[in-house]
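These are the structures, in structure tokens.
Below are two complexes that have chain A in common, paired first with chain B and then with chain C.
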Partner chain A sequence: MDITEVPVSNDNKGKKNEYKKPKNKSVTKERNAVEPKLEPKLEPKLEASETAFPPTFSVSEIKNKQRRHHMFMKFKQEKSKLKLQVKKKKKKEREALGDKAPPKEVPKTIENQRVYDETTVDPEDEEIAFDEGTDEFSAYFNGLTNPKVLITTSDRPRGRTVRFCEQLATVVPNAHVYYRRGLALKKIIPQCVARNFTYLMVINEDRKMPNGLVLCHLPDGPTAHFKISSVRLRKEMKRRGKDPTEHSPEVILNNFTTRLGHSIGRLFAALFPQDPQFVGRQVATFHNQRDFIFFRFHRYIFKNEKKVGIQELGPRFTLKLRSLQKGTFDSKFGEYEWVLKRHEMDACRRKFQI
Partner chain B sequence: MQCDDVIWDIIGNKQFCSFKVKTKSQSFCRNEYNITGLCNRSSCPLSNSQYATIREEKGQCFLYMKVIERAAFPARMWEKVKLSRNYEKALEQIDESLIYWPRFLRHKCKQRFTKITQYLIRMRKLVLKRQRKLVPLSRKVERREKRKEEKALIAAQLDNAIEKELLERLKQGTYGDIYNFPVHAFDKALEQQDEESEEEEEGEDEEEEDDEGVGKSEFVAEEELEESDLSDFEEMNKLKTSSDEEEQDDEEESSGEEEEEEEEEEEEDEMKVETKTKATSKSKGKSPANGSTARKKRAYVEIEYETEPAPKSRAT
Partner chain C sequence: MADSSRLCSVFLGSETGILKGVSLSRKQAFNFCNTQHLSRDQEVRVLVWGDRAETDLLLGARDGSVKTFSLEKGSFTETRSCGDPQEGGFTGLEVLEEGGLVTCQETGTIRVWRESSSDPVAEVITGKNVSRMRQNPAQRNKMATGGKENGLKIWDLENPKNPPVFSAKNLRDDWLDLKRAQWVRDMAFIPQSEKVVTCTGYHQVHVHDPSSPQRRPVMEMEFGDHPLTALSLPTGGTSVVVGNTRGEVAVLDLRKGLVRGVLKGLCGGVRALQCHPSLPIVASCGLDRFLRIHSLGDGKLQHKVYLKSRLNCLLLASQREEWGGGAGAGSEEVKKEEEEEDEEDEVWENMERVEEQGKRKSTTEEEEMLKKKSKKGED
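Up next, the complex of A and B:
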């Protein structure tokens, strides 16, 4: 218990203890035989409470559980009463001041308190614009290539992972699912490049659940390794709509603010074709919140210009970036742009990387 | 004196042997020098003074031999012979070293050597293939991350964010002309601005928008309207803000065009009335009178008179 007690409560406690004294004495008489130890402890406490409270008294020093509990509840009630009084006073003051009242305080959230990341991208940054004009995605963003995605798994996938891959293939247009059959990634990458694939997605599986995603942009593009969590397949969704159609969905990328986030955002954006078909009214969302990227797939309908209804189809999952590597998949000798280092990055609760 | 039978009598079945592992069907021998791994009279290295084994160290196979002459010198008891890497040569070596030894030991040595070389080959092959790297998970960290994810999900308010984004895109016009709403949005925004400015200044903004309104009103050519109604419109041009009129025009347009869904019409009508009520409520000083007159005339003109009560509840 904190020792910072308001003086008011002290008096109350004193009063309470005085009231309790007769009770104490009767109880102690009963317990004389059983707990002789308690008595000497109780008596000095009683004496202390009778006269004046030593400032270091706290409720936790009372050995008897019932009494301690009782005191604690009283203490809490006092506290909440005080709080209420303070609140009321403040409200009155605010009303009294009327317009001149100070603005309401905004509650602190983790997003508010986020440590400013110096790599936050400024929308008008020229350097970044130049970078993006010449990086590996420039071909896509200039409309030269169309995305073609190859989805595969780790060895011997279980049913859940297979179904997840199939559903992903319906979400991403122009996606093909192939079985892995023990092939080495480094060997299939040149084959993919030869067949004009732009993306390679490998869903890693552990204990019958998909738990990792390797997203490799193909003609020597960056490779990102994510951890997948909370996968929900289509049949597990509540109130879901019909299966997604073949129309290309729109893409929403939220909160990718830092430089790293920017590159990851482009990575996701290049998965989908450049011109979405609005007729399909489907939207794929990648929402970044506190370094977790939530993926959702919805169908929307505009009821009027102020309201839109969305209905979730499609699988949902969350990703957490583990590493970003420059070339194509090469875990041993690759050049890593960014690696999640838990001890460093988890130390501060207000610091996020994406 | 070394007496094998006595030793076996003791450790074999009757008393304790620390290398013995008993299972339901069989007993095994954990002694490193045991050649078969089973606990037998002939395989026990303790109860056989003349014994031989094959053991492997870092990919190299050695033949160990024990003879009774050295039974008194434990440090020198086992003779170690390095076997050749070549399989056949090694077998010949074994034969050579164990010449005149009991058949059983010779045979078992060769068997063991064969097995060892086979598993060494398999190890070498496996290293070349793809290796599965096991990454240990820390339970605490996983639990923490799970909790963080839950909190992040709550903080994200995904549905709201998505809806907001979609509405933003609609406003910005990325959807082009697919939906007929966009004009409404634009007009509404305009109208709100106008009302704010109306409270401050009078008339100036109206005139500007009157011009716009005049431009827009050309598009209206509805069957519903009669000439008298048209004239009403023109009057209302002067009276009300043209943004309202624009809305009305466009709404009529759209309602005329899209007669497929009644809902939309109703909604639009509701909105129309809503905006009127809004207009009237917002513009405090300026044009309540105008608004009311407009509304009255509007009621006569359009069929949507019936839907008035519903939106009132909405507007308030």
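Up next, the complex of A and C:
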């Protein structure tokens, strides 16, 4: 039989130790008889090695599941005990030092560790300012056009999607919901342009849930294709306020830093009219974090100069950009400005594009 | 300005009208433009070298003007109006050996311009909707054109009134007896032969051979699902690099019609591709506002430069020193390797030899025993 001679104290092995003890002792006696000469040399060596390196014994070597589990739980408890002790010690040291204590270490988060993106827009860059000043949204940002949105779905939408579209129409001012009737988007677009629509929003549905959004800026503008997830309709919101009114909301765009982020940010901004009606106290937020865009719609009220109360109204959903195409919707022959290539872009956890 | 233009090894034209120069060795990008006078009318559509010595650049802009940029001076020296902006943007701009300019616009008229007059000297009507015109580098008076529902045609400019030297036939009708749609997006002349490679908007690559009696393509290949927008021939003549609107750039083999490899990194539509005439390098630019340089052998990305506007066309300055004269660089590298090897041998010879001493034998035995025991334990 092969038994490891583990130079640890006998108590270490666990509750079923008593059965193992006598066997160990008999084997060691045999071994002692065989190699008397080498032992004295062995023992000091083993002891020396014990203090230098931990024994090469791991919990996974125990074949018995119950014993192994027990050992592992013990090991974990000891570890957490040690951790608590270290923490307490550090806290004491910190209090003892008082003012001279070193500053608290900031924990690393993925946002902290984000790889610097070279396409991050510098606010003073003239070339980008010119590019943005003369792109497809310049008509809106110069105040020449007012947004008019057409919301539709993929063919034959079912309950949840229909309700989502209706709620979106209350959130976005000057929005009209139309039933799709199986029409081709390429044929709808010239008709929309003729009727002065500035946006076409198509909610794609899969198995009675909305899962995709195609947002097309109309005269000749870029088309963005998003994946929708986590849709919460008004009924499902906790502690929500009354339905949104007709006032145009303010728009908050958070964390759209790169060039692509700027394009998408402008795409969202142009959905809403340029002058928000502060009387309505409503605000729509598009918050970008880790390439996911979170949409929230709130009503706020200033209780005093320092405190604000907010109520969430309206639907909430999460978007992830899948492609940005130059020109109106033409998925086969259009040129793409940006395409999500999962295996290339998702390789690094700390690199984001928007 | 003059210094920076001499340093640049790649020149690019952007949608905002700025001519950009990139120096890869110094990792710098320069804008050659007047920032106060930027306008979208000046969008650069085509770039071509003014002469073989690569001292002058010619830019074709959207408003129909052709500007000359001198690399020595680092500024624009001349502007001439060579076309009507209503006829669409430039789809081809080439230089003739005797010093004339050839331009082609989307409506399909090829015009030859000389220094003497402001009117075209000769005109060739090639049909509507021309997407691209290219010059045969071997026979400088032959031009190839192609476009939507307008197949590949090769024109001889010395006889502009004659019908085209070669006019390609469309593919056979499909299994429903319907005519196939054709949309030639880009073409290139294969050196040392008469063949022409074209890439189409229906993700096909065709090879035509004017010297054979067959007017249909000699070779057909397909790549991807999206229109192929740019094409370039590396040295060797057996492969072709194509790019499509989704940013997929692939090297296709012309002999068998298979995909040899894909160059990764681009995420926007490819607008221009160019292979270096001597080094195995391909430069690509597109709508994602980056210039990327890949090596053809292993497909690795060598350089990536962010240039803030969407890029329309590019030109490699192949005679610049920073590429290294191809053969010179190779031999230098070989010499370096040999020197390193010699040095290493010397180092080994200089080191003292350490021999094992007899005293350690007993301890080594013990260590072996220990190792055996631990091995047994693990078993």
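We adopt the following convention: the second predicted complex is superposed on the first by the 300 of 354 C-alpha atoms of A that agree within 3 Å, B and C clash if a C-alpha of one lies under 4 Å from a C-alpha of the other, contacts with A are read in each partner's own complex, and residues count from 1 in each chain.
The working rule: a contact is a pair of C-beta atoms (placed from the backbone, for glycine too) under 8 Å apart; a residue touches a chain by one contact, two chains touch by 3 or more.
Since the structure is predicted, the reported quantities are computational estimates derived from the model, not experimental observations.
Once chain A of one complex is fitted onto chain A of the other, the partner contacts of A:Thr109 are limited to chain B, with no touch recorded for chain C. In the overlay built on the shared chain, the residue A:Glu95 is in contact with neither chain B nor chain C.
With both structures placed on the common chain, the touch criterion links A:Lys326 to chain C but leaves chain B unconnected. Contacts of A:Asn304 after superposition: chain B is touched, whereas chain C is not reached. Of the two partner chains, neither chain B nor chain C is touched by A:Asp275. In the superposition on chain A, contact of A:Arg296 is made with chain B only, not with chain C.
Contact with chain C, but none with chain B, is seen for A:Thr56 once the two complexes are overlaid on the shared chain. In the complex of the two chains, the chain A residues touching chain C come out as 2-5, 38, 41, 45, 56, 118-119, 125-128, 130-131, 134, 259, 326, 332-341, 344-345. Chain C makes touch with chain A in their complex at residues 15-16, 18, 31, 35, 38-40, 201, 225-227, 229, 245-247, 264-265, 267-269, 287-289, 306, 308-310, 366, 369-370, 373-374, 376-377, 379. Considering their complex, residues 130, 141, 144-146, 148-149, 151-153, 155-156, 158-159, 161-163, 165-167, 169-171, 175-176, 178-179, 181-182, 184-185, 188, 267-268, 271 of chain B touch chain A.
The touching residues of chain A, counted against chain B in their complex, run 109-111, 182, 184, 229-230, 250, 252, 254, 278-279, 283, 285, 287, 289-292, 294, 296, 298, 300, 302-306, 308, 310, 318, 320, 342, 346.
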